[in-house]
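Two complexes come next, and they have one chain in common, chain A, joined by chain B in the first and chain C in the second.
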Partner chain A sequence: MYRLEVKNITKNFGKTTAVKNLSFNCEEGETITLLGPTGAGKTTTLRCLAGLEELTSGKIYLDGKDISNIPPNHRELAMFFENYALYPHMTVRENMAYPLKAPSRRKEFNKEKIDKRVQEIAELLQISELLDRKPTELSGGQKQRTALGRTLVRKPKVFLLDEPIAHLDAVLRHRMRGEMKSIFQKLGCTVIYVTHDYREALSIGDRILVIRKGELVQLAIAEDIWSRMNNVFVAKLAGDPPINIFKGILHTEEGNFKIELKKQKTDIVFESKKENLKKWEEKEVLLGIRPNNITISTIKKPNSINGTLSAIEAMSSSYEITVSISEGKMIKVKSKINFKDLLNKPIWVNIDSERIHLFNCQDEESIYHGRIL
Partner chain B sequence: MQKTDKKSKIKVRLENVNKYYGEKRDIHAVKDLCFHCRDKEFVAILGPSGCGKSSTLRMLAGLEEINSGTIYFGDKNVTNMPASKRNIGLAFENYALYPHLSVYENIIFPLKVKGATDEDIKNNKRLDELIELFKIDKSTLNSYPKALSGGQAQLTSLVRCLIREADVYLLDEPLSHLDEEMRVTMRTTLKIMHNKMKKTFIYVTHDQLEAFALADRIIIMNFGVLQQAGSPSEIYTKPVNKFVASFIGEPPMNFLNVHTEKGDSNLFIHGGNYKLSLSDRFKNKLKPDTKYILGIRPERVHVSSNKNDFSESVMAKVDVFENLGEINQLTMKLGEEIIITEIEPNIKFNQDAEVYIHFDANHMHLFDVNTLVCLDDKF
Partner chain C sequence: MDETKNIKTKVILYILLFIVAVVILFPFVWIFLTSLKTAGDITCYPPKFIFDASWDNYKSLFKTSQTGAAASTLNFSRYYINSLIIAGFGTLLSLIIGFGAGYTLTRAKFKKESTRENVAFTLISFWFGPELAIILPLYIFFNKLNLLDNHLALILAYQLIGIPFTIWLSRSFFSDVPASVEESSRIDGYTALQTFWKITFPMVKSGLAATAILTFIFEWNNFLFALVIGGRNTMPVTTGALGFISYEAALWGQMAAAIILSSIPQLIIAMFAQKNMARGLTFGAVKG
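Moving on to the complex of A and B:
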């Protein structure tokens, strides 16, 4: 039995379909991240799970029990929204204890139990010293933790989190990402977590559910989302700078495969034992290569495209290099070397043909993955 | 990126510039600021909000009076010169587009002011190129600014700035209203334009990634005071104080509380008496019985489950393992201290696993616990 079972749920708003026939299961203690661009239906899905939106069709089961028509307050789910609202007149302790003081919980939680639970969660969130402060005396991160604490005290069966750290500044977001993952693991929480940030999704999720226009595109572990993506959409969603995509024709040549990039006047040659690749012979395919699997040289090498090195952008410990090739197209390269002296000069970009991905040109579905990692 | 040719001439220079605000002049927004930009250089002024970076840019533009000090453009003292005479291109966060002019009229305004005829404008190649590169939607050219989204308005303002033939371009957070994807694309576009135009750019931002990506040199400010001026790699590898060290880098630098003991100049990490191996530059030069802050970048922390992989190491516990696709990230606990490192994507660790950490001794930084100044040069 699954902790949460979502079966063919659909949610229409008038004529628009926000969630379309979505199904997935979530094990107890598992964290699933919902990843997709703005408007993909992530938040609507979460609101359906919480019972804040009525389903147009489909079923939701919690521990095997159909909860599709149960009102939100009886679902044993806890939802955390991005715009946390703490009660300004209450201390951190009072804010955190608030959900436990509901009349329906009076039997379960007496004052002693409430104190103990708040203390326990506060320690985990490292806000024990702040329990007697008011929200106005807290920093952004401390407020965020308090709000998270208020959700965590409840011990619900499933936590639903909607972009909980999206509006924090970069440094804090970075720290909270790791902390949240650690807290979920320690408490053994079952979590559905919505985000548009691929790093957050890969990091926090035991599995990642990629959603586009209300439909499931891929549900897989981080490694597969990164290296065995189902289609171009997933490939582009994860990666910064995003994967480079070229159009070409697949040929076989002396036992090897070759992709002819007509516009770039180059052939990319690679070996593969995958027999089913043969059926794509002489067909148009899309070649995907990540910026960190491309190198730069001043001389022509096999599997290279010529271009002009048009920008170098420093990152913390690497460089993001933009190369202009034919017809105004740009290639992004990630490199440990600066290549400052080659700026505005003609160069070659060398594609590591062992690490390419191929997609069907028509529906952009994946047909081949090169060496993983 | 322009070559930082030491001989190229100085284009903009600030000498002891001060700015006060408030009725009693009690807010000292910019304090004794001195820095320069060379010809064709891209300089970013970086700092948190309220650090004085925008005030500095406005003083350079002549939009804000300076209370004391001097500003030179080349050899010319422009301290009291009005903005209109400084031959500068300006783009601000809040667009400042003319509401009664169409998008197109706004863009060509600087050309018109200089007396360009319709024929000149038609033949202006840069105009088409800028409209194309900065993705100004052709269908919006005849609409008025109020019809634009924040992002579109900002790009219009940026194009209007770059169309001018100016000596110096002053830009204040010109990409801040774009969505993330567009901001990254336009950042690259701006960098390409700078390479093509070969002009001096001064760019204000609070975003370290943006400053790093764009600038030949970065000026870091905090509380109105210049903290450090240098190339991105200088700032990254040789921060002058803990503020600069912590402000730059993602994931951020690790900081550990360390100390030396009496009659011993080896370093120990607080709380666990972990002894650290030190590079020769620190050896025998540390004061005994003294506290320091040790800083080390995540990529300079090496991890293994096998103790024998390192000559010297300390044991830590894995707190969080994160798969980030291209790279994996590990958060570890060493006593009370938290240490973050990046590891290759094919290496995995479980939570609570015991691992051995080796700090790359050549890339440790030591900071004074009181002044937070980096002590590296003292050793």
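Moving on to the complex of A and C:
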């Protein structure tokens, strides 16, 4: 397996910049997930790596060798397309054998070797019984496995996967998430994996590269994306329901810090030994709190905001509660308890001040993270 | 109850289909019967449906020594060969250029996306233009080149119909092939040309076959170009059949025989390629 180095790549389409000065390294055997909303430039980045798009500027190195101007058929990368891109006139077996029959690999693979390899991968993906079918006779999940099989069948230097499980149904997606991870580990592959689903990104990636408008926002391990996010964008991207954000002013009070939420007419008090917080004193900050770090009560406690419980949605193992507070603002709360009796009644939401995040009000960059889980 | 209803619908359906078949086939049957009649039987009124059939009209088409002023100038086998040469090579040229252009207009990257449509529309619009509007300039053009009554001139003139048509139709087939399928093949280790032959071509071949057949039929049936630019040596069957009407007499029987013979290649091709035609023409509409 191989190390991929991406240096300052930029891709313009006419006047629009799809990828802007992006740099990162993917170490041998590492899985990096590219996470970002629709139109963030994830797929374009992948296409640049594959050689399907010409770079406007920048370089791509594979094991130290500059591959920026090498055509896709000589890059030795395998790519999985979001729409599977199966060859409709070929059977599953022919689809999977196709990369092995390429002119550059003709010497390496004879007929027996091809059959053996296809069989091996088909068994790994549990599609052995489908080998003689045509893609039109396959279900979505089977097509996805076939496309994955075609990607895995040759031993490329790097795997590029574009939303490989996005179009599967929920049950299958959940199962494939685990399977993908174990397949990558089994094969020891270097993988670049594109997804817009933060759960997928966090569970599959060794590191997660968050991208916005073609620019790198944060490249970090899953825990850091979740608890030490660089800015509000990352905080909102990871988490469902998304993080709650309030505007407030930071004060110091008897050695503690206090955020005055003017609109909510509440103060959130927290302890911190972090000296650098002092420089934000008396300045406007954004307070972020994840829905699972908020509780609901009928009596006022410290660090509470009053509101009305306006909706309850039952999720698989918890409830997603919406609380209306002043000026039409909503707070999302994740709770194990169903507060059905309190629906449309005034309540208090209690913020766990140890687990808050603070962001700079101007550029929304992070300035403080509370206790990690 | 349901079964009787089913039978009823079927009966109605078959009656309707029969009517359609009669309407479509009647001229064809009429011409065929005419081709088997003698001159007396053809012109008699009311028309005879029962008569002594003979192949004389067909035989006379290929006889060298004929009587009458009109017949003496006729050389049907020559017209036939001319048609095959002109329509055959014309189609070949249309396909080579048209498919190439169709594919390029589908896949090539243009600086401005509107350029693609503008170029395509300009090329395709040649097809909309009435032949009559260009026939005189074309006559002068080929006259200056000293190419009148030359097979090459007709083959080139036919490209005015053939190329826009093949571009238009093949482009719609090529654009039904997802770009990602071709890209996938490129990443799998194949060059652009190998990808075209191994992936794109098999996916569009029914469509291209349908295009080829229709192009051949259009070019085979062309009359005006052959009439103006062609001449004694290059006359195809379409204008050749005109020769049966002369100052002295109209040889209806021979003309009918000539028409029947000249439609045979199209019939054979259409029958042979019926499956491809149907698949090709519905290619874009029905996706698997």
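In this text, the second predicted complex is superposed on the first by the 362 of 373 C-alpha atoms of A that agree within 3 Å, B and C clash if a C-alpha of one lies under 4 Å from a C-alpha of the other, contacts with A are read in each partner's own complex, and residues count from 1 in each chain.
One rule holds in what follows: a contact is a pair of C-beta atoms (placed from the backbone, for glycine too) under 8 Å apart; a residue touches a chain by one contact, two chains touch by 3 or more.
Since this is a predicted model, take the numbers as computed values, not measurements.
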Determine, for the superposed arrangement built on chain A, whether chain B and chain C clash or fit.
-> fit
Would you sort A:187 into first (chain B), second (chain C), both or neither based on which partner it touches?
-> neither
If you stack the two complexes on chain A, which partner ends up touching A:79: first (chain B), second (chain C), both, or neither?
-> second
Could you tell me if A:245 is touching chain B, chain C, both of them or neither one (first, second, both, neither)?
-> neither
Touch check for A:138: first (chain B), second (chain C), both, or neither?
-> neither
Applying the touch criterion given at the start, work out whether A:89 contacts chain B, chain C, both or neither, answering first, second, both or neither.
-> second
Looking at the overlay, what does A:172 touch: chain B (first), chain C (second), both, or neither?
-> neither
When the two structures are overlaid on chain A, which partner does A:344 contact: first (chain B), second (chain C), both, or neither?
-> first
Of chain B and chain C, the chain that contacts the larger number of chain A residues = B
Put simply, what angle do chain B and chain C open at chain A, by C-alpha centres, to the nearest 10°?
-> 80
If you've got the overlay open, could you tell me the nearest Cα approach between chain B and chain C in whole angstrom?
-> 6
Doubly contacted chain A residues - partners chain C and chain B = none
Where on chain A does chain B make contact in their complex?
-> 170-171, 174, 177-179, 181-182, 185, 198-199, 202-204, 222-223, 225-226, 238-241, 290, 292, 310-317, 320, 322, 330, 338, 340, 343-344, 373
Residue numbers on chain A that touch chain C, as the complex places them = 14, 50-52, 71-75, 77-79, 81-83, 85-89, 98-99, 102-105, 136, 150, 154
Chain A contact footprint on chain C (complex, rising order) | 111, 178, 180-181, 183-191, 194, 199, 202-203, 288
Tell me, which parts of chain B touch chain A in their complex?
-> 1, 3, 184, 187-188, 191-192, 195, 207-209, 212-214, 232-233, 236, 246, 248-252, 297, 299, 319-320, 322-326, 329, 331, 340, 345-346, 351
